[in-house]
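There are structures below to look over.
Okay, so subunit A shows up in both of these, paired with subunit B first and subunit C after.
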Partner chain A sequence: MRLRRGSGDGDSGCQSCPMAGSAAVHRPGLSIEGCDYVVALAGNPNTGKSTVFNALTGLRQHVGNWPGKTVVRAEGAFRIDGKKFRIVDLPGAYSLLSNSSDEEVARDFILFGRPDVTVVVVDATTMERNLNLALQVLEITDRAVVAVNLMDEAERKGIRVDTRALGRDLGAPVVPMAARSGLGLPELRAAILGVASGTIQCRIHPAPDLGAEVEASLARLTEAVLAEYPGLPNARWVALRLLEGDPSVVREARNGTLGDGLHGHVVDEPAAAPTGAS
Partner chain B sequence: MSASEAEQTVLLSSLPRGGAGRIVRLLMGGPERRRLLDLGFVPGTIVVSGFVSPLGDPTAYHVRGSMTSLRRSQADQIEVEPCSGADGGAPSGGPKDAA
Partner chain C sequence: MSGSADHLLSLAEAERARLRTPLHDQLVERLYEEAGRIAARALDRSGEARRFQFDLLLDRILTSRILGLPAMAALFGGAFWLTIAGANIPSALLTSLLVDHGAALLHRAADAVHAPAWLQGLGIDGVYLAVAWVVSVMLPPMAIFFPIFTLLEDFGYLPRVAFNLDRTFRWAGAHGKQSLTMMMGYGCNAAGVVAARIIDSPRERLIAILTNNFSICNGRWPTLILISTIFVGASAPPAAASLAAALTVVTVAVLGIVVTLLVSAFLSRTLLRGTPSVFSLELPPYRPPRVWQTIYTSVIDRTLIVLWRAVQMAAPAGAVIWLISNVEVAHRSLAHWMALGLDPIGALIGLNGIILLAYVVAIPANEIVIPTILMLTLNAARSKLAQKGVMLELDDTATRHVLIHYGGWTLLTGVNLMLFSLLHNPCSTTIMTIWRETRSRKWTWLATLLPLALGFGVCFLTATAARTFGWAPR
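Then we have the complex of A and B:
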């Protein structure tokens, strides 16, 4: 597995790691069986998801400063207060409503993978664009944490993010971070544990009132979707996409592959360019 | 809906370099419209035309604190109302409720 540390790497990375010596670290986690909670790591491209992933797990997934680096999901594990978490690093996505294949991997996991906690990593320097995805996630779940990463970079650019006010407005835990230097990591861990264990619950932001006629169609469609896919989470969301004619959802619902992105894409190593592997 | 204001609008593609406009509406539909909305091209948003590539086709626009390149065919389908856009798009935290 490529995740294993190369022997020539030296161990300086371990010592500078914010988790070094922390009692909470059992072993850096590839062993993902028997976990208590599943965490999904979502966010726009190039917001530092993989850096947050590495900071939480102590792994060294490939981190690069370009969008689209993580094309499939990578998984790891970590512990907080004795609870074992499995964490899934998803490809970057601007939206749950988009049609590129890597964004579909992210979308399918968030919607259908039943994560116990969804951490949305947002870029403090481009909050407006990033909060789109955060709101979409808060539309479907009350178990989310918003991690405002790159606070250091924002500060350099003279941008001040009022994470407190944001948390109040969103009704969700908002954690300011600079994951590269480990800033905000303890707070993120606390928030993840809080949401996972149910002590923190987010306010759901439902889609605006759609009117009686649309609601009636939506209810019928939702029922039909559930008849075809018993137990499918977020069936209403799916019905809404069908109603607006989202081509990828329509196609998937038709050929029975709704949520299939969940299976088949699982990798236990960092995403590298598939062509360069051999 | 905004027929009376519509006389003032131009297409985003016709903004000169450095010119700013407030988005009035998107003329396309379907996934492409969705995509542009996701990237921040939402009615009411100020867009500033940035770099133009040598052949003039993709053009980069400042939108909500980030920069996004659009093809001419896409910029042709976005109606904007030219404005001064003093603060538009520069990485300064974005327009705060620019009303």
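Then we have the complex of A and C:
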């Protein structure tokens, strides 16, 4: 159940990775055959994630879901400059520190699925709230793109967004978008490719300084987490949650499913039946 | 493993005990502060004052306690009226083209190559006609209704419906999000059942799954639209015909919501006792719908997919119908015997044996109920009139004629068919989905039989009442 994989640095995609083809290593819940990079699409509910997903993938999408998990997710594929990307549209989440099961699905994938690029879609009209998730994601990965979607709506409401200032503060590429009309899509593609291939580097967002006392506790706990789950990505994050007593992480540690829920194959649903609501 | 997990957890607890300040609050506070700081630097809200007026005004009407529900009925009523009024002409055109001329042409071609009669019957009168009927009955209403529905969805109206219904669902002991899964059910019950995953509590999820069948799905809208057009619409003055038919469809849909709530309330007070959990639902801003894109995607993604599914189901069903109508046992066709056997039960609940037989044949897909009923009625009529091979024109008037004169239908039959369309077992796809989602035989059986029992019960009551008061022949 350990999650280990090749570095995925630079141009070494899944295929050139020395561990490619080894049965022990598989991207949790994803078929990675022939793909170079995996992209996770995260964001608050209602920010237009699925619109971005559709815009990136065209109509080549199918609905898959995680065995035992509770919410449907979508997967698709697209190419940028000949590189093949698989993209996972995660359920909407307000935070990585939450307890609803669909938010857990999103959280677990970002934390333990180790996507090559995490695209955080934020709503330009409710930026304050949306940035919570973006900041949490940027604390655990330096391979992220922030897509500021619904720029057209913000403009209509008289809100002006300085995406350059935002990029400076976040330390990650920020792409202004109006995904519904396809605006900003080429820029998003370029940013995804840049981060995936390593030509764009995010500045790791400094984890908050918690003081010497807490840091010492945290270091001891991180070590214990790694002893229990060798190679677990983001062990420090897990340790911090255990330290603050996050109920869902404590539960997963208790029943030994930490970093799980990503395993198994993707269940193909019959062409997702016509839906009444989105 | 669990031993060392315990070790890990007790270590975490020990470390937590050392800390003086509650770490969680501290972390969350920092996060909010930083997000606020960054947003303040990046945003210029100076021009914001004049916004919102429109959104607020709309929400004041559409989610108002007093006006919310009437507005909802008016919007959906309008959508159905447009569908019914608009589908008439193209439907008649398609019927004439595919059913009348198409079948005749195929028969002539088959005669020219001396195809045997049984093959012509099976292929043309069975498979081809069933498919042609499904296409001409379903395509026009779907091609109108889906884009309208999708436009409402695109605009941001559907979450408002959930908002309007939330308090009622809580009264029923169900989760407020059930109104969303119910909405999904209006597209397809199987999708609605899967959508129940958005509900975290297993108790409330089960209630949502068990009641989803009371949302009228794609496969059933055409039945309702057709029957309300030819029975209710036709008995209203011509000018008001479409409106009367639309109101009838809305009434049945609203009845479906009432049944959903009553059954939910019943379940949450008996088999699935508990208190509803709290949730928050974010109302998205209204967005101007992208009209052309919506029309394109709803025609491609919904209409054609649903139609294709219906065609796939209709083709084998057409063969089955032709076979049971033409294989004779003791000088009567199998269909005749089956309908005869079901007739007493059918009569008891204001329907007839052919309708019940059609519901058995149509278990794989509700879409083919009406074509099946028409074909079985026609086949029965044909043998009665010894007119095998004679095609009847089937526009709305002709359909009405066939059902009333050859099928012996009354207004009661039409009304009860609409009620039965709302209240009967889910289609086999949905039953499979319920099994997959619940992994429980008990709940799958309950979900299958409960609506059927309700359907028999309600239809029996209306039939008895109608006969007692002399509204329908005994």
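We adopt the following convention: the second predicted complex is superposed on the first by the 219 of 278 C-alpha atoms of A that agree within 3 Å, B and C clash if a C-alpha of one lies under 4 Å from a C-alpha of the other, contacts with A are read in each partner's own complex, and residues count from 1 in each chain.
FYI, contacts are C-beta pairs under 8 Å (C-beta built on N, C-alpha and C of every residue); 3 or more make two chains touch, one makes a residue touch a chain.
Everything numeric in this text was worked out from a predicted model, so none of it was measured.
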Next on the checklist: With both complexes superposed on chain A, which partner does A:E213 reach: first (subunit B), second (subunit C), both or neither?
Outcome noted: second
Next on the checklist: On the A-aligned overlay, A:P45 touches which partner chain: subunit B = first, subunit C = second, or both, or neither?
Outcome noted: second
Item to check | Which superposed partner A:L221 touches (first subunit B, second subunit C, both, neither) | outcome: second
Checklist entry - Is A:P247 touching the first partner subunit B, the second partner subunit C, both, or neither of them? => result first
Checklist entry - When both complexes are superposed, which of subunit B and subunit C contacts more residues belonging to subunit A? => result C
Checklist entry - Which of the two partners, first being subunit B and second being subunit C, lies in contact with A:K157: first, second, both, or neither? => result both
Item to check | subunit B versus subunit C as contact partner of A:A165, first or second or both or neither | outcome: second
Item to check | Touching both subunit C and subunit B, counted on subunit A across the two superposed complexes | outcome: 97, 125, 127-129, 132, 157-160, 245-246
Item to check | Residue ranges of subunit B in contact with subunit A within the complex | outcome: 30-31, 34-35, 38-40, 63-66, 91-94
Next on the checklist: Help me check something: in the complex, which residues belonging to subunit A touch subunit B?
Outcome noted: 94-95, 97-99, 125-129, 132, 157-160, 245-247
Next on the checklist: Which stretch or stretches of subunit C touch subunit A in the complex?
Outcome noted: 1-2, 4-9, 11-13, 15-16, 18-20, 22-24, 26-28, 30-32, 34-36, 38-39, 41-52, 146, 149, 153, 158-159, 180, 183-188, 190-192, 194-195, 197-198, 200, 215, 218, 282, 284-285, 287, 290, 301-302, 305-306, 429
Checklist entry - Once bound in the complex, which stretches of subunit A touch subunit C? => result 45-46, 70-72, 97, 100-102, 125, 127-129, 131-132, 134-136, 153, 156-163, 165-166, 169-170, 180, 208, 210, 213-214, 217, 220-221, 224-225, 227-228, 239-240, 242-246, 250, 253-256, 269-278
